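Listed next: structures, encoded as structure tokens.
Two complexes follow with subunit A in common, the first pairing it with subunit B and the second with subunit C.
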Partner chain A sequence: MNKLKIRHRLAKDKLMLWSICLLAALTAVPLLAILGEVLLRGYDQLSWSFFTEPTPTAYKVTKAIEAGEPIPGGIANGIVGTMIMLGMAVMVAVPLGILCGAFLAENGKNRFAQFVSYLTDLLQGTPSVIIGIITYIWVVVPMKGYSAIAGSVALCIMMLPLIIRSTEETLKILPASLKEAGLALGGNNARVMMKVQLPAAFGGIFTGVLLAVSRVIGETAPLMFTALGCSFVRFAVDKPISAVPLLIWEFFNDPNLQELIWGASLFLLLFVLTLNLLSKYLAKKWNQ
Partner chain B sequence: MNDKLYRIILFVAALAMPIVCGGVVYALVTDAYDAFEHFGFLNFITSSEWSYTEGAEQYGALPFITGTLMTTMLALLFCIPFSLPVALFVGEYFKGTKIASVLSTVTDLLAGIPSIIYGLWGFYTLRPIIMALNISPQGSGVLTASLVLAIMIVPYAASLSAEFIKMVPNDLKEGAYSLGATRAEVVRKVIFPVAGSGIFSSYVLAIGRALGETMTVTMLIGNTNNIPDSITSTGNSMASIIANQFGEADDLRLSSLIAIGLILFLITALINMVGKIMIKHARIA
Partner chain C sequence: MESVKPILEFKNTCVSYTKQTMAVKYVSAAIERNTITAIMGPSGCGKSTLLRAVNLMHNLYPNIRVDGEILLNGENILAMEPIDVRRRVGMVFQRPAPFPTMSIYDNVLSGFVLNGIKLSKAEKDATVERCLRSVALWDEVKDVLNKKGTFLSGGQQQRLCIARALAMKPDVLLMDEPTSALDPIATKHIEELLLELQKGVTILIVTHNMGQARRISSKSMFMYLGELVEYGDTETMFTNPIDERTKSYLTGKMG
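And now, the complex of A and B:
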């Protein structure tokens, strides 16, 4: 009787182990399925012209379809737009985020800092579509039009909390003796921050910025009501502009352009996943 | 640079957060005011009418609130049987091994995939499967959206739960082993009771993620402005109605959409706050 009970318990233990392994392994399936589908359907679209030409016009598309040729054109307008908006967003979000993170690390215990810290969490949890609405109200309405500036404001707001958090956390885990040694040598707080703490925290902050970039680069919803989209390569910052995820959304909605979806998705996916892996690798390397 | 100036610069930079967040609330409230004034707050969130015939405009948020709650809850339901094993795998069974770090890299990458690509995958791969299985004729709907949503929130729930599972003190587990407990029993009788509140809070935060997810749901839910009457029928979530109609809306409809945005913002803020407070308590305990 007792033996039977023990056997029963051991069997249950084994069953638990195997079901955990099985279910955990199943989690990898969607990643492989998504990567596989995008790769298989997208790889033959990637060519030099795919990156140098803008989205084809409706006329060119119908002509190509009539002639039975592959659809011409590419996503150059999206790549340029993404780079411009991302560049502007990074230029504001990185310095502001680092200063804000430094503030939180230096004043962690006071009331105002805790309030700021709470707001950072709040902003980080805010759905991206709401960031889009806000930027529409703040920037698009006063400027009387969609623009690259509006798009970059939306991306900047989304990046800020991520950069603040990574800066704060990296500065907090630096050994206190580092700061004390700097102060003992006669540096004031500002000098120690600039010459000792920030350089020591560079690795953590840099990976935080990389992660923030990879998080916002695929964002579609906040750009739909701010950058809007544009079918040619444009460098003006006060006019509507395109972005890679916006193009994917356009291709998805236009039955004629559906062939282009997978090339654009493959490009975006590889870019984002590479940034992700790179930041993970760098974090590991700098931690040693 | 002297210390005073340095402190002032940091303080001014930190002011950015209250300004941005205050601006978010202020802009949402002022622009949503029209809709609330016209329909009344209670009427707006309990009416299921969404029609924009001129002169007889009628907007209510109930179908979208229902859609959001249905997709989120279903996604949570589908997510638990996968995220919990992943958390146990990484945090207990294979803690610190190479294979655990491979699995956590996989989940990290899942978290990194842009939502529009999840939407494409759901539309071109999952939707045909749903149609082939005869679950629903049009393939898109609440069920399809929740399935993909579940995959998207697995990484968030799993990585945070794994952290709490890792923190369970060894002496507690060893005590149970020395009494003859099997590993499964240790998980059930020691790890779950000790790490339970932490694991629970990680699911609360995962709900916060799922509530506001926009593109995936927009591409998969079917975009009809009715209350979904079953899990296979089509509908719209709060985020997806905004994504669908914001660009073409003006006046009262725009204000109504912003009002929906305000409600969504408040719900996610509340859920996130509850989650964070619970995590704090779980860490201290």
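And now, the complex of A and C:
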């Protein structure tokens, strides 16, 4: 009788295992489907000129279509714009976010810290379109025009809560003995934070920054209100500028350019994927 | 014999975590210079709490109150700036905690960095060699000074932490069960080291291990439920304890 019981239990265990595997596989299906679709459609468009040339003009497109050639041009204007805005946003959001995260990790029980922590949660949940319209009022209107600066302000606001949280969480899981050891040597709080705690938390913080970047790189809505777009490569920060997600939206709205959507999407997807893999790799390496 | 001025003196020292309960109750004791004093007692008796009061570690946690006086060379520690006290009172923790992002070399010098003291390259090299020699680690690590401190074995890490504390030339070294995470051989090394170090620094060591207390300390404290039950020569305490509680702890009837 005992033998039968054990066999029954083993069978149940197997059934459970298989159903969990199946469900897990199901969740991976949409991701793989998206990746496959974009890869299949976008693969042909990826060429050197796709990355070095700006969006084609309507005239060039019409001519190419008439001649039966593939659509010329690429997304260089979008790539340059995205990099400029991301760069500026990172330069402000990273130091600010790390300082704020360090403050929250150190003073978690303080009333003010709890208030800030709550605001961070709210900010993280704020729809990006609202951040876009607010930035429009705060930056675009006073500056009397759309600009890369305005775009980077919107992206910076979106990155802040992610960096704050990852800094805070990483610092909190460091062993308390590390901080105590630093203080026991006579260091003040600020020095122990800068020389001991933050370096020890670097891996987690860096991963957080990379994830924040990959989170905002595909943002379209806030950039519509702030960066607007531009059909040629531009390095000025006080003028309207393009971005890859903005280009995807523009391509979608222009029947002649729809083929370019897939190349741009593939680029964006691969970029985010690379950042994610890189952050995983670095986090692993740092923890060794 | 002329009485020697104590380097460290507890006067009615109390520590409380909450308003109702006291973890350390009215402890008074004078610690002589260049001795090893062991603090023994069962878990939760307040020995670590008493030790951490000396370098003001309790200041980190706003709920904890420390009352009474703790005199370092006649000066009340509780009225001093924590960073001042901690420079003169080093501490070694239960788990070896070398700074994980720093090399062995930088770990030894971390006290200077954390205090914002700049040293020349020659001074740095000399300090690192002196401190690592004093903890008998120099020969083992002199070729790998640029490796991370966490790459060492547990016993070596603990010696590195002692070297790091000694680099600041403290008057008193506090040790919170420094060998409880180590194997017997590493423990033996540390014990031999402490006997050597007491020539230059006063050591106050919390230990669970009665054998260890007997082997290395000249004076011992026995604490029970936050009270200092007995304080005196280690040998006398082990052979002829005055208090009944000390006796039952040392003979293994209580623990």
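Operating definition for what follows: the second predicted complex is superposed on the first by the 255 of 288 C-alpha atoms of A that agree within 3 Å, B and C clash if a C-alpha of one lies under 4 Å from a C-alpha of the other, contacts with A are read in each partner's own complex, and residues count from 1 in each chain.
Note that in this section contacts are C-beta pairs under 8 Å (C-beta built on N, C-alpha and C of every residue); 3 or more make two chains touch, one makes a residue touch a chain.
In this text, all values refer to a predicted model and were calculated from it rather than measured experimentally.
Visitor: In the superposed arrangement, which partner chain does A:185 touch: subunit B (first), subunit C (second), both, or neither?
Guide: In the superposition, A:185 touches subunit C alone.
Visitor: For A:269, is the partner it touches subunit B (first), subunit C (second), both, or none of the two (neither)?
Guide: After superposition on chain A, A:269 lies in contact with subunit B alone.
Visitor: Have a look at where A:278 lands relative to subunit B and subunit C in the superposition and call it first, second, both or neither.
Guide: neither
Visitor: Regarding the shared-chain residue A:233, is it in contact with subunit B (first), subunit C (second), both, or neither?
Guide: Neither partner.
Visitor: Per the contact definition in the header, classify A:37: touching subunit B only (first), subunit C only (second), both, or neither.
Guide: The first partner, subunit B, only.
Visitor: Spot which of subunit B and subunit C makes contact with more residues of subunit A, would you?
Guide: After superposing on chain A, more of subunit A is contacted by B.
Visitor: Contact-wise, after the overlay, does A:177 reach subunit B, subunit C, both or neither (first, second, both, neither)?
Guide: second
Visitor: So in the superposed three-chain picture, is A:126 touching just subunit B, just subunit C, both, or none of them (first/second/both/neither)?
Guide: Touch status of A:126: first partner only.
Visitor: Looking at subunit A, which of its residues have contacts with both subunit B and subunit C?
Guide: 188, 191
Visitor: State the interface residues of subunit A toward subunit B in the complex, per the touch definition above.
Guide: Interface residues on the subunit A side: 9-10, 12-13, 15-17, 19-24, 26-28, 30-31, 33-34, 37-38, 96, 99-100, 102-104, 106-107, 112-113, 115-116, 119-123, 125-130, 132-134, 136-138, 157, 160, 164, 188-191, 193, 214-215, 217-221, 224-225, 245, 248-249, 252, 261, 265, 268-269, 272-273, 275-277, 280.
Visitor: Mind pulling up the subunit C residues that touch subunit A in the complex?
Guide: Spelled out, the residues of subunit C in touch with subunit A are 55, 57, 60, 82-84, 86-87, 90-91, 93, 95, 97, 99-102, 110-111, 113-116, 161, 164-165, 168.
Visitor: Sort out for me which residues of subunit B touch subunit A in the complex.
Guide: 1-3, 5-7, 9-11, 13-14, 16-18, 20-21, 23-24, 27-28, 31, 81-83, 85-86, 88-90, 93, 103, 105-110, 112-121, 123-125, 151, 154, 158, 182-185, 187, 208, 211-215, 219, 239, 242-243, 246-247, 257-258, 261, 264-265, 268-269, 272-273, 276
Visitor: So in the complex, the part of subunit A that touches subunit C is made up of which residues?
Guide: Listed in rising order, the residues are 175, 177-178, 180-188, 191-192, 195-196, 199-200, 202.
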